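Shared between the two complexes below is subunit A, which has subunit B as its partner in the first and subunit C in the second.
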Partner chain A sequence: MKIDPATLKKIKRFQSIKRGYYSLIAISLFIVLSLFAELFINSRALLVRYDGRYYFPTYGEMIPGRVFGFDYDYETNYRELQKRFREAPSDDWALMPLVPYNPYENDLRQDDYPPFPPSFTEKHFLGTDTIGRDILSRLLYGFRTAILFSLALLFATYGVGISLGCLMGYLGGRFDLVFQRVIEIWTNVPVLYVIIIISSILVPNAMILLLIMAFFGWTSITWIMRTATYKEKTREYVLALKALGASDARIIFKHILPNTLSIIVTFAPFALSSGIVALTSLDYLGFGLPAPTPSWGELLQQGWSNMDAWWIASAVISAMILTLLTVTFVGEAVREAFDPKLFTTYE
Partner chain B sequence: MKNAFSHATYLLTVFLLLILSPQHTPLFATPEIPSNIVWLTNDQDPLFSDDTAQKGGLFRSAVFTFPLTFRTVGPDSNSGFRDAILGNQLGLIGIHPNTEKIIPELATSWAFDPDKKTMYFKLDPRAVWSDGKPVTADDFTFTLEFMRSPHIVAPWYNDYYTQEIDKVIIYDDHTLAVVAKKAQPDLHLRVGINPTPRHFYGVLGPDFVTQYNWRIEPNTGPYQMSDFEKGKKVTFKRKKDWWARDNRYFKNRFNVDRVVYEVVRDMTVMWEYFKKGKIDTFGITMPKYWHTKTQIPLFENGYAEKIWFFNDTQQSAQGLWLNQDKEIFKERNLRYAFAHAMNIEKVIEQVLRNDFYRLEHGFVGYGRYSNPSVKARRFDIDQVARDMKASGWDRGPDGIYVKNGNRFSVEVTYSIDEHTERLVVLKEEAKKAGIELNLQKLDVSAAYKKVMEKNHDVAWMGWSTSLRPQYWEHFHSINAHKPQTNNITNTDDPEMDKLIDDYRDSLDEEKRIALSLKIQEKIHEIGCFVPTFMVPYVREASYRWWRLPKVPGTKMSGSLFDPFGSTTGGLFWYDKARHEETQAAMKEGKTFPPVTIVDRTYEPK
Partner chain C sequence: MNAPIPPQNPPLLSVIDLKMHFPVRGGVLKKTKGTIYALDGISFTVREGETLGIVGESGCGKTTAGRTILRLYPPTSGSVIFEGKDLARIPKKILRETRRRMQMIFQDPFESLDARQTVYEILEEPFLIHGMGNPTERKEKIHQLLDTVGLQKSAASLFPHEFSGGQRQRIGIARAIALNPRLIVCDEPVSALDVSIQSQILNLLIELQRERGLSYLFISHNLAVVKYMSESIIVMYLGKIVEHAPAELIYQNPVHPYTQALISAIPVPDPTRKRRRALLSGDLPSPRNPPAGCRFHTRCPLVLDQCRREEPLLRCHEGDPDRRVACHRSTEGIKIW
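And now, the complex of A and B:
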């Protein structure tokens, strides 16, 4: 693939902004890590050797305890299995992930009540929440939910926004006028309230929440794209294209869109972080994803009402700061790298 | 046209009132009291107040929201604050909180008619309204007129006072009879109505709702509202020469001079108010408060005290209500399996700190009407397996039971945030047993609507209680398979119907008790309700100058520091000497030994 020298220049410039560059690496790493979270943080063992056979329980169907010689039909407790193997020396062994807890299970104890503080011996590196669930586990799985959610939201809103904005700017006239009014009305709807009302009636699963938020979230990028297209449309190269007889589709997709790309790319990281914040605040208020989905907002809520369990609030707040900061750094660097003032001159 | 018509009705009403009201009616002969009745009173039951109680002091309490109106009927009137207003309205008779026998309130004596529909009352001649007007028999007639009036916009009261109460008969200013529509056991619970001041309301009009929003109704109880700042606070003042202050069961009660309710919108902030001493007591029934949040110097230094008081009262039927109209719960084995998959004990032990008790069935605490031999099904994975096997279900690849492609996966609808932590533990345990719970938290009214329309699989909720078990609403087939009834399990069982009908029709107490026990067994057998928790106690924190009787409450006490309420309220008092002592000690940094009282007088065995 050949990269346009102008784009290459932009990428180079982006790489030279170290803060943003390393942030991008970090956030990508987080995302990849969270996509394979099951391998690092899970109650299922990575690998079990039992009676000469090997088992890989991480992905796939649940293996009942009976298979490994327990007397129950529900999912094997691999922590106990590992303990049993260690106590009675044999060739059998089990390899557990770094944190041997999944985000849903309650690690409750006799005569002691959660939240439990961080403990290395229990492998609750960030402690547990008020019902004994591992915080690190909930943080990572919650991050996955949040980031995938905001990415999906980003694609949905940008998909609608870019196509509609381009059309408005390019076609102009009555089409533009009508949608301008629609957007003006749309932006006056108090989104948060609407979501709260809807999710108090419906079960707010991820899909529904995404639809609602995309339904109200497409306006701002549409506005921006409309302006950008308008600007491009009046420039000479478009005029030249028209004179050469290029079709509207060709003009939009081949020429105008690539020229407005810098705007889209510049806004994307900020949209991503606002998506995370929106989901977190909804969860915090109790109108987000249904329990017991791991979520940062729910952890934040627990932290607020249990201030004395400092490890809950501090873990989730640090995680939020870290994520939002890296995303924002990336956004800043992208903006700087794509700054048109560096490469173009106005007539 | 409409105007002219309503004008005519109005005139007609006035005319009818003129000829019908007793003062002006020589048209009818005065009714006679039957001679075959026996007048009863009650001056023998034990007292539950403390004779060392002193009068005086200011009691500061907090409410979450300012009431939307001071009316006790009509739109927006059903708020918590209503209890404070109604707590100062006496009825004809009361119930002794420990013996449950009838005790006098506005009536000094009463008598039952053999028809089991009519009860006679003699009013206390000293009884007066807070504005000085005497309470007369006519005020009870007015209660019927008032409660039946369309202008109060209270359909429930309209209906109740039409369907349940037939009429009030006046014999003279201080003698009356209240007649119920049909003969019934426990007649006194129906006909011991409250008076309504005719001189205050006059003729009701269509503007009643707005006109009386902020008017303070005269009352007959120990306090009257004296002052309020909308949105901020309400003050009640004790009546110094209250007409009933020397009555046997009211003596040494209602001791503080003034009660102030301040609006504090948040529980956490309210707790801070208490710690700062801006409110005097705080309910700490929740485990979090009792065990953790009270581990602070305020209690360790003995300035504030903790009390755990066991009461013995009707327990709310809290638990999981299975909708038998859903395919999965049509089969009894599956209902049993579901019950055995609920690890309520684990939740009690490891989440609720062993503070809650297992509710054995839906009607605990109703005295002889409760069946002690009915025990809730316990968590038992093997039993689940047997029940499921018997119906031909097997565990699927993810460990959840399946049959013909159907998974045993049900939705649990609930509405209280604090309950999430109990439900997630149940969910994890149920998964082990092979049943999947999907938690669906809805806003209170949305959840209520869903359940009332019978769209739920499983409803996680509790019912309020009444003095006697009510079965017809919840388990009679007449209320099944249709929306807006309380039969949310859609129980439809001819045998059950028969039992409930007999229970409702019977006037014989012994027979009713026997039927009640049988119905509870039947409910258990049907298995449509999985009882969860009960909290047969109340826990409170108070500053040490607030004093309580030796037995700090009654069997029926829902709160120890309830300033009003003729049945259980107003037992505490203010100890000035201790207040001054404590304040001085706080200033000097002196401490007292910490106090935690646990009163087990009425603890369930």
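And now, the complex of A and C:
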């Protein structure tokens, strides 16, 4: 397939907006990094050599301590294992990730209470939270949760919004009229309150939360898509296709949708960042994802109530700012690159 | 009212009392608040291999006429008999199949092409829509089409915006003739083009007609262009036909005062020649609220009381079956210039 020159021009223009372009690279890198977070931040070793055999504990089944000569059947403590190998020199060794803590474990010590401040020797690079969990670990896994959640939300709302908006614009008439009114009512429902009410009745898991938020989040893109389709539908090339006998499905999928794509793409980064913000605020209020899930909102809440442990709040706030700024830069650049005013010429 | 058909080519398209009224909607519940009488009862016949021209100023309903005849708009009432079948009533499936044999050329050759498709994809679309041919056959057909309309084979891989207006219109024509239609509605096909390009496109259309025996319904606001293309001409005013006559006659001896005014307004490329012009005053009344009686009476210099009350019917003029006029005073032979 040949990319049409208008799109090519838009992509070129996007690349020329350096701030947005590098932000896109950065955010994609973060996302890829977070998808493979287990390789960087994990309590399981990357590679263990023991008795001439190699083990890769990162992905796959839990390996009980007995395998490595401990006297317990629960999961091996690889930090202990590494320490043991170091103290008694042998051919055996264990390679630990950069941060050897997973986001759920409490690293507690004798004679002291968490939160512990950042420490390079303990490899808690950003310190621990109030129950001794590594903050960097929770930040990265929390980022993964937030971004995957937002992406899923984006796909859900866009799926509904694009199909419904497209139908409204294309079919027009009574169908359009009814849904216009439905959307007008829908948009006046205070979404966060409804979610809070629902969450206080049942404890939501990620799926339920996603469904609730998608249930109220589809309206804006539907509105946008309806307008875009309406505009596209009245253009003469659609008439020409109808004169050729093209089916409605063909006109919509092969012609109208590709022609409205740039509008949809323009709104995506902003939808993504608003998804992150919504999830974080819900988690902050305690109505979001259930308790042990690593989440930024929960960290923010901890930071707020433990201001003396400055590393908690400052870490999560910096991470929030960095992420939202990056996504917004991308969105801004996309909007500028796709601005139709730059390409519409009267002839 | 319909003239008996002389022993000429058989009719391909008969339009009988075709009406297209658009509702005007408003308010929260989109109630109908009024009606635009875009097309208010037109009848005519297009014979095989012939060109019928439709002229009139903007807003007279000529574009609506073209689109309603191709059933791009569902007509309010009346019939469009094409190949013996009433397009206004046949089921969708048969209509889709029939569309192969009736096509349209549009005014704006950029708007009427999907800017995201290459010329190849644009021209492949008709065959894909009707599931015709395999890829190699289609490729050959597309190259033939490009050759027919005078474009290079290499044009296939380019996008519409890489062409000039005239070349784009050639692409539009290639698409229209792709499925070997019998009737093509040309809706202002040259109005958006430079004067120097217009004649090239018109000649291409004439050449195609000669080779393929096409019938054209040629819609334009430009009388000179319509005359160049057509055997007979229909003059429209506010959704009605006011005069229908062979092209030569309408020039030499226009009967309806509106036709006379149109013809006297054609520029003549001779600065020394002095002419009297019949200038019309006022604007075209709104088709939402057309005047009672004769629709032209608000601007007609020959207006009588009768014109304000009674709508004139489209009748044969002086017994000539090829000439039809809708004017109360047509028999008086008055010229307004």
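In the analysis below, the second predicted complex is superposed on the first by the 344 of 347 C-alpha atoms of A that agree within 3 Å, B and C clash if a C-alpha of one lies under 4 Å from a C-alpha of the other, contacts with A are read in each partner's own complex, and residues count from 1 in each chain.
By definition in this document, contacts are C-beta pairs under 8 Å (C-beta built on N, C-alpha and C of every residue); 3 or more make two chains touch, one makes a residue touch a chain.
Here the structure is a predicted model, which is why all the values come from computation and not from measurement.
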Clash or fit (per the criteria above) of subunit B with subunit C on subunit A: fit
Which superposed partner A:Phe175 touches (first subunit B, second subunit C, both, neither): neither
Contacts of A:Glu75 with subunit B and subunit C, given as first, second, both or neither: first
Partner chain(s) touched by A:Phe36 [first = subunit B, second = subunit C, both, neither]: neither
Partner chain(s) touched by A:Pro290 [first = subunit B, second = subunit C, both, neither]: first
Superposed model, angle subtended at subunit A by subunit C and subunit B (C-alpha, nearest 10 degrees): 130
Partner chain in contact with A:Tyr113 - subunit B first, subunit C second, else both or neither: first
Touched partner set for A:Tyr237, first subunit B, second subunit C, both or neither: second
Shortest CA-CA distance between subunit B and subunit C [superposed frame, angstrom]: 42
Contacts on subunit A seen with subunit B and repeated with subunit C across the two complexes: none
Of all residues in subunit A, those that touch subunit B in their complex: 61-62, 64, 72-75, 104-106, 108-110, 113, 130-133, 200-201, 203, 286, 290-292, 305, 308
Residue ranges of subunit B touching subunit A (in the complex, touch as defined): 268, 291-292, 346, 349-351, 353, 381, 385, 395, 397-399, 417, 420-421, 423-425, 427-428, 431-434, 438-443, 446
Subunit C contact footprint on subunit A (complex, rising order): 2, 4-7, 177, 181, 235-237, 239-247, 250, 255, 258-259, 347
Touch list for subunit C against partner subunit A, complex: 28-30, 67, 70, 72, 95-97, 99-100, 102-104, 106-108, 110-118, 125-126, 129-130, 157, 159, 161-162, 165, 172, 175, 179
